[in-house]
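You will see subunit A twice below: alongside subunit B first, and alongside subunit C after that.
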Partner chain A sequence: MNTVLDIRNVSKHFSDFTLANISLELKENCITGFLGKNGAGKTTLIKIILGLLHKDSGEIIFFSNRYKNIETIKNKIGVVLDDGYFYDNLNLKQMKNIIASTYKEWDETTYKNYLKKFRLNESQLISSLSKGMKMKYALALALSHGADLLIMDEPTSGLDPEIRKELIDILSEYVQEEGKSVFFSTHITSDLERCADEIVIINNGKIIEQSNKDDMIESYRMVKGTLDDLERISSKSIKILDQTKYGFTGITSDYEEIKQCIPKIILEKASLEDIFLAKTGEIENEDYI
Partner chain B sequence: MGRLNIVISNTSEKPLYEQIKEQIKSAILKGELKNGELLPSIRNFSTDLKVSILTIRRVYDELEEEGFVSSQAGKGTFVLAGNKDLIEDTKRMLIEEKMIEMVTLSKTMGVKIQNLHEMLDIIYEEV
Partner chain C sequence: MKTIYNLVKKDYILIKKSLLIMLLFVTFAPIFISMRAPEFQNNGTLLYGMLALMITFMTYHMISMEEMKQKGFVYLQITPMSNKKIAISKYIVVTLAYLATTIIYCILALLPFTKVGGVGIKGIMLSFAIIELFFGIYIPLTFKLGYVKLQMVSSGIIFLSPFIISLISKYFASVINITSSIQSLSDLTIIVGIVVLTMIVISIGSKASSNILKKQEY
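What follows is the complex of A and B.
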């Protein structure tokens, strides 16, 4: 699989936050989910990728250096940002005209088809759009200039489940075409469980995990037992999600050893959400016990 | 394409790629997938099964290594069921695995080989 975006050791320092030595690779035809809590550094990294923020150090390589010209690269990337950056007092058509003029390969037919599909009316004012409609409009614009890489910042946040599902179906459809890839940030794990191929987790400005979604989910188990059980396996690495006087629930990658130690212990499939919480959460009783 | 059923279990201890691989293999062994048939594209297949494209890629890579399929750049992945020896060997191996389990269990319980033969005859008729 070709690499569409290669980020190497990118760092950016602010007075109160540091994006430290970020390295990640996006593979072609994949939907890569960029998972992190609010304030973890997702938007900062996306802005650096898009050139909206300068990085202090590091390197970013687009499409394995296939295109020499920065303008070509810009044309090949579709962008959906959280706050839209649209002018509220324009209607959809006026705003589209401004945006279309900045792309070399604007495809009016594709754009019209998306508007129809999303049931958007061109004469409507941007300010009158609901959050879900605004996202769809941004997506229609991002997908109408022949982009090969779609980068989206929190496209699903604040949307109802039905619109989120609709968005995910569109992303899944988009990557069916050879050479199309998606990178999107979110803190909603269920969206990624449904459609992501690869998952990158960022926490406190550092990438803490990148892997195939299925491998990630399969490398952990949810473990449940009594407090006596917990004591017996205290040498294993378990992240406790919940503990009461009746028992505990935790996430572990040491499940084989735990099973050997206590054959009757309950081990269940972990959800991405549980894993994400275990890896990034500041839950009570946080320490590995 | 011939019939290909894939059912994924969330409670199985087997990883997804193994579950999918075994079911494709079994369809080839049973002749449900014929020699030369084109398998779905990895992107399409993974979206339909709601698994990562990287998982299907691994399935196809391993099936190719084991000689059950062949990938051709730009064309796709095809079933290789023409290799009769491989198919026969695999069938035998799968059954032998079960037989070893059966014989081990019989021995621990002191069941004689003659009894085992008789049981096998009856069960073979019944199933």
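What follows is the complex of A and C.
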């Protein structure tokens, strides 16, 4: 599987926030979910990838250096930004005309098909579009110029479940085509659980995990037991999510060891949200990794 | 060319609500001023020059304000569009505003009942050169400083302009000689000279704007 985006030790320093030594790889024909809390650094990294912010150090390699100049690379990238970033006074057609004229492989038929599918009217003013409609319009623009990599910054935030499902279906369909990939930032874990192949978790400007989604989910278990059970478990092997006077709920990757030690303990499959919270939540037992 | 055409069109759509008011102003202001100040009825060069500079400045400022309010410029930066095309489109926008003002003014000057004083080709070309030179610096400055900071700079320039002008006339009497030298040149020489000068200014200004935009963060 080819690498479509290779980020190596990218850093960016602001007065109140630092993106530190970010390294990650995006594989072809994969949906990579970029998960992080608000303010974790998702948008900053996406802006660096898109050239909207300049990195202080590190290297970003697109499509394994297959394309030599930045214009060709930009032709191969489709972008959906949170809130669109359009000219509100323009109608859909006027905005499209500006965008379409910049892409070498603009496909008007594909664009029209998306507009029809999304029930968007070309003469409508951008300012009159709802958040969901703006996202659909941005997606129509991003998918109509033969992009091989689709970069999306929080496309599902603030959208109703129906539109979110529709978007996820489109993304799943898109990556089926040869050579297409999606990089999708969000803090809504359920969207990624449905469609992502790879998961990257960022917290406080640092990548804390990158792995295959199924492997990640499979490597953790929810643990439920009494406080007596908890006393017998090493604090290093579990992250407590909830604790009352009757018992506790935690998450662990050492579930086999715990089961051997306390056979009656309850182990349940962890969701991506549980793992995400365990990885990025306030640390109660700081030794847990 | 299609990209530049769409960018120019976009700029005028952004200010379309103000275009009618500006058109009315360009049409009626010279008539009103000429009637109130008869000295402009014989020679309208100064009135025309001031009107052209004001309209191009207003047009550009209104567009810059809309660019600041809306986020569309960020989207342009993620497309393969070159920054040079963005800069060139701004020069075209200014030139079109200048041309529209000139055409309307010349039509008004041809109609006797308007009392609007005429303007010669030298006056037109000199105004054009001054406007293009001004925007040659002003457009890159907009990209460098942004609309808000530039407005502060503009206010400072407007405030200081009477002092600067008196300083220039006091210490640089040669400026007057330059004006009289220009007057003595043939129309063709002036046209060719100013067109060449404008091309150089636009080319340097576009290059400078492109370099500034390349370093900007959004």
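Just so we're on the same page, the second predicted complex is superposed on the first by the 279 of 289 C-alpha atoms of A that agree within 3 Å, B and C clash if a C-alpha of one lies under 4 Å from a C-alpha of the other, contacts with A are read in each partner's own complex, and residues count from 1 in each chain.
What we mean here is this: a residue touches a chain if its C-beta (ideal position, glycine included) is under 8 Å from a C-beta of that chain, and two chains touch if they have at least 3 such contacts.
Note that the structure is predicted; figures quoted are calculated from it, not measured.
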item	value
When subunit B and subunit C are modelled together on subunit A, clash or fit	fit
Partner chain in contact with A:15 - subunit B first, subunit C second, else both or neither	neither
Contacts of A:109 with subunit B and subunit C, given as first, second, both or neither	neither
Which superposed partner A:52 touches (first subunit B, second subunit C, both, neither)	second
Partner chain in contact with A:123 - subunit B first, subunit C second, else both or neither	neither
Subunit A as apex of subunit B and subunit C, Cα-centre angle in degrees (nearest 10)	150
A:38 touches, of subunit B and subunit C: first, second, both or neither?	neither
Partner chain in contact with A:244 - subunit B first, subunit C second, else both or neither	neither
Partner touching more residues of subunit A, whether subunit B or subunit C	C
Which superposed partner A:29 touches (first subunit B, second subunit C, both, neither)	first
Superposed arrangement (fit on chain A Cα atoms) - minimum subunit B/subunit C Cα distance in Å	29
Residue numbers on subunit B that touch subunit A, as the complex places them	10-11, 15-17, 43-44, 46-47, 50-55, 57
Subunit A - residues contacting subunit C, complex	47, 50-54, 70-72, 74-75, 77, 79, 81, 83-90, 94-95, 97-99, 101-104
Touch list for subunit C against partner subunit A, complex	2-3, 6-7, 9-10, 13-14, 16, 66, 70-72, 74-82, 215, 217-218
Residue ranges of subunit A in contact with subunit B within the complex	1, 27, 29-30, 172, 175-176, 178, 194-198, 212-215, 218, 269
